[in-house]
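Have a look at this one.
Letters are used for the chains, namely A, B, C, D, E and F, taken in the order the chains are written, and counting of residues starts over at 1 for each.
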Amino acid sequence: MPVVTIQMYAGRTKQQKAELAKAITEAVVRIALTTPEQTWVVFQDVPRDSWAIGGVLASDRP
Amino acid sequence: MPVVTIQMYAGRTKQQKAELAKAITEAVVRIALTTPEQTWVVFQDVPRDSWAIGGVLASDRP
Amino acid sequence: MPVVTIQMYAGRTKQQKAELAKAITEAVVRIALTTPEQTWVVFQDVPRDSWAIGGVLASDRP
Amino acid sequence: MPVVTIQMYAGRTKQQKAELAKAITEAVVRIALTTPEQTWVVFQDVPRDSWAIGGVLASDRP
Amino acid sequence: MPVVTIQMYAGRTKQQKAELAKAITEAVVRIALTTPEQTWVVFQDVPRDSWAIGGVLASDRP
Amino acid sequence: MPVVTIQMYAGRTKQQKAELAKAITEAVVRIALTTPEQTWVVFQDVPRDSWAIGGVLASDRP
């Protein structure tokens, strides 16, 4: 443990995920006092037609 | 907040998701006393060969 | 299926959860064309000191 | 209930998922004292470039 | 990886969780071809007034 | 969006959660190019008798 799950719009590059995983893992290890190997980060890409805010799909928002 | 996550079989149309998001957001805002913009709805499409009921994948059920 | 998971601040009453479950299940059955018994709704109460927006815990926001 | 969610690297075959669903459902029914039809198993395939261990994406690890 | 998350009604004993974790981990290691140390099992206890089936909270069902 | 969910052993203080939320939000905003208000961080505290590694509950590991 810990497991960090990141739900965000699809479209982020592999490079962005690599940087996010590195930065978040460093923060978790430093603040939550665990080890890097015990810190897992999972990305869930969500298409914009599968995420609604204010009752409207993101793909339909202006 | 709130975050509403809906796991269901893949195959629903974008139109169905739009209607679901609208109806669920209205219910959450009315009953849980929050605002539309603070209500997020996320759909997770699950293929039928990745969902089992009774120990059998939905794609193998009659 | 479907499974609807609702993460929201702790503090909603059982009555509010009952109304939410009823309204959301009706919407899911009507729009996603499933049956009530196949629609599960799970509430996850999140304390305000475990939910951050804008990098600040909700319990610390004005 | 229960709902068992399995996040793992993409690449497992449908046959492996079928065997996993069967074995896990049997264990849940036997130990948690529920029925097969009330036990749902959902697989979430995660690409190796969306899963980091030790701050490094699995697709970049040796 | 993998991460197995089990949502079920609160009330299972620690002994039941220990047996479930052992049986599920054995199945995952054998079928999905991974190692025990790379298999994490997380239990989420859900109160019966936070789980609805058929639009009715489990705590209100006969 | 995004929603960042952190599952970890119960026991972290509110201060640790506040620091984690701040650091993770900064990383997400900078790398994923979103805004702080659109970045939500949710902590799920998991007791050690509800988290197994290697088929053994953390509360039973030496």
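Criterion: contacts are C-beta pairs under 8 Å (C-beta built on N, C-alpha and C of every residue); 3 or more make two chains touch, one makes a residue touch a chain.
Everything numeric here is computed off the predicted structure, so don't read it as measured data.
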B-D against C-D, pair bridged by the larger set of C-beta contacts: B-D
For chain D paired with chain E, centre-to-centre distance based on mean C-alpha positions, whole Å: 12
Chain B-chain E separation of Cα centroids, rounded to whole Å: 21
Whole-Å gap separating chain B and chain F, where each centre is the average of the chain's CA atoms: 24
Residues of chain C whose C-beta touches two or more other chains: 1, 3, 7, 24, 40, 42, 44, 46, 51, 53
Interchain pairs in contact, sorted by label: A-B, A-D, A-E, A-F, B-C, B-D, B-F, C-D, C-E, C-F, D-E, E-F
Chain F partner contacts - residues on chain A that touch it in the complex: 1-9, 12, 16, 19-20, 23-24, 27-28, 31-32, 34, 46, 51, 53, 58
For the chain E and chain A complex, residues of the former touching the latter: 1, 3, 40, 42
Complex contact set, residues of chain F against chain E: 7, 44, 46, 49-57, 59-60
In the complex, chain B residues that touch chain A: 14, 17-18, 21-22, 24-26, 36-37, 39-45
